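In what follows, a structure is listed as structure tokens, so that the remarks can point back to it.
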């Protein structure tokens, strides 16, 4: 079970970082957003900013840049010149170059599944040498060619909800929900078969985190009020930020999942439904402080 | 009287939904906004997001898309390609197609009454098979051809204030205000005469909710501070969200009206006038929690 | 002295309005903003929205419309078609027509002093039949032809700070500050000499409100933290809103000045400097409630 | 050590200003922002607005104007006509003219290092007769021609972090971090050698403030949570605002540094990481009040 006990694995890194003044807390790159779904990009960046990272740069189709800039003052944006309202393959090399010097990346929130965007996404997925959180439509894109999933230069963290895992595995959503542990293990086994490193996070009630060779974790935080738009976007940013701060990937994944649910639980104590994803992001700092303190 | 007693009808659905993790809380479609009145669209969507629904998609004239996206991170927008600064008939079929898979819709907040918008609105009004909340200018548009009002594919919830009902019924506003019950009953009788399903919500002090065969309800929540811009827009979103979560339509209408007034009352306790419609939307989650708890 | 005693004059109207549900709280028209100064327009509208009025419509140069719409959800905007980045004379007739059915108007915040804007402003100033709050650059424009100031169709409320009154009267700012009472009285006498109705509000420490035939008032609320950008814009909206709610003009002017200062005082109790004009606007509702309660 | 003791030097000016109503709290000019980095400009202006200054005008490339205007209501913006998405040399004379009548200026946050922007920056750096805070990319631009640094018309306050000072001095970052006092003194000595007036603020844990002939100060406020994007931008605005309010430059620098850290410390008491730069700006007024009170 993924509960406060696990947080002990996380806290040494974070506590060491934050008790010294000299910490370089890393630089996260997020590729997210398309027309109508810029909110997903903003929420992912907000999740990252609230998790204590150093810098966040948001790659976006250039015509959407002012939306992002007027919503996010603490993150930088990088409008991609050939991507108008969605990511296009012609900007993939630029994006790869921009990832140099970053410690981790996120791809997927709100990007859509247009073929141009799919080509962009696959190129980054395969070639980025740094740990990459793969979320939302990026997973739907990968599901079109599941055999290529193993070919990735760096570690990948997948964050599917049951519908997305259904497309990745070729199981029905019902089969997945009735065999959640088995589905997560299957995905892990399949995508890690040729030595690549994939961590699978199967979202839902009792989110599962698994990686070959590590104990499978089932999350104990979270509540039904989270079944609303944008919650997953925030999670991708949280995990990206923890990776940048030096957490080992499996621990970043597990701790990110727990932290995300615990932040939502802190809101759920006051309201049952109707709290928003950006409020969950904003609840992360106080939640994180409580977790670090408990562990002293 | 529509008071806490009625909330008992509402709560079983909402409580069941939210006590299990697996709830699919639905997907609401809102068609709202035109130049100068995008705030109405944003407030309707915010009302919906704060009422615990799953996903909200906002159909909008495409030139207004960035305004919406920079104001609403948790909702998605769908800019309609042929609608520039207001809805045009050429986008009606696209809109009908986009409604597939949604559980309910809202039309009207801030759309204006241009003839192009009127054609767009009528087409959706007549053909949408799902429950539809018809608000504001959409009511003014229907009032131009009141005989066609009965011809609708699905259930319709009308939310007129006295001036709008005046145009729908051909009574003066004074006649309506002096015979509010009778006016609401008349509208109900007239628009339901050929087997169509219409619920009428006559707004004002003591909002009336009525549908043939159901006990007419008079709302007991609400206060004079609500007589300000945007309050009705929030209500349309709340009702749309309750429909999406599986509430029976009459109960969604009645509970939405009560919840909206009760949220405003929670603000009124601290200030008398000058609270805003977006604050009412933001007060919905805590109000809803109180109502659900009371009923345990 | 303008203190809580005066509030007794104000409260009967406001209290009656707000104790009945049927109040129509009016519709205010604000003409404000130009490139670089849209914040002034937004703050004026926010002052109005927070003072309990019914509806607020903001006339603006059309190229600035999206800035306004993404910042102000509860107000409507009306982008003027021939005014690009500032008001032009070609839109004056349109503006006059749009004022029909409104109870009061505000002109001036952030409009600049370009000759085109000056022509637009003078036309509205002279021809609008409803009470008009004349603020900021609108006063600087009028100061160019002080002899024409008396020719106005309706009541006018001037809100100069000492620098603006200096230009209107042809006195130096020092002369005004050393003879504030005399300066206000002079302005009153001069601009009211041919039967027109002008109320003069001379801002500064101890703001003065005067109108011929009424006791001159010196405000007792307010604090040094108000000497920062945007405070005057909020005041213009507050007075406009009180006019729309049916307050007699001199009482709207006096009560608006007192309320504005008292709202700022409620912030000053917690911080000395660095609170913002929008925070003052947001403090109006609670301040107003306290004033109304005190007077029961 | 720069602690509450130093605040005694600051408070007489600020307290005198704010105990009288007549204070003119000055007008600050900020030149900041470029595509992807408008947040830096907004944060600098927000730091200034929250520190009690009178007016803030933000010079910006014109295509970015609406981003700024929809984010900052209390500041004015001045879109530069020949600067599209970044500052260009062709606007330097315009900028110099616009600085007339201002008491201080800030240059650098988010401007980038393009050659056009570099020419613009150097011209302002050399010719502006008023005190100028030189931050971020403006420092990187000056580092290209370190010999010209002494030639400046007015007092300059440099706010490098170790990486920026590394480029200015030609030392490695490690050398600087291991000899922070010596590095700051060196920079001071070198840039002040021909009678020009330069104050050096070396940021990091224990920020150093030094100027020839003044006791070197080491800051005692601040915490590790500040190692995140945008914090430095806020500092530049705070110092600019204190300069405008009449603080002597070295005291403005020292007090600004202390105030910035103390505001962050007030957030750090509740959360450890994940508070944002705009929250630090918003915490300045309460922090400033505490400091002024303590010193009574």
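To keep things simple, chains are lettered A, B, C and D as they appear, and every chain counts its residues starting from 1.
Quick note on the criterion: a residue touches a chain if its C-beta (ideal position, glycine included) is under 8 Å from a C-beta of that chain, and two chains touch if they have at least 3 such contacts.
Please read these numbers as outputs of a predicted model, since none were measured by experiment.
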{"item": "Set of chains adjacent to subunit B and to subunit C", "value": "none"}
{"item": "Proportion of interface numbers common to subunit A and subunit B (over half same, under half different)", "value": "different"}
{"item": "Cα superposition of subunit C on its sequence copy subunit D - rotation in ° rounded to nearest 5", "value": "90"}
{"item": "Whole-Å gap separating subunit A and subunit D, where each centre is the average of the chain's CA atoms", "value": "35"}
{"item": "Centroid distance [mean C-alpha coordinates] between subunit C and subunit A, Å", "value": "49"}
{"item": "Multi-chain contact residues (two or more partners), subunit B", "value": "66, 70"}
{"item": "Contact graph of the chains (line, ring, star, complete, other)", "value": "ring"}
{"item": "Residues of subunit D touching subunit A in the complex", "value": "35-39, 42-43, 64, 66-67, 70-71, 177, 204-206, 222-225, 227-230, 270-278"}
{"item": "Residues on subunit B engaged by subunit A in the complex (per definition of touch)", "value": "14, 17-25, 49-56, 65-66, 69-70, 72-79, 284-286, 288-289, 292"}
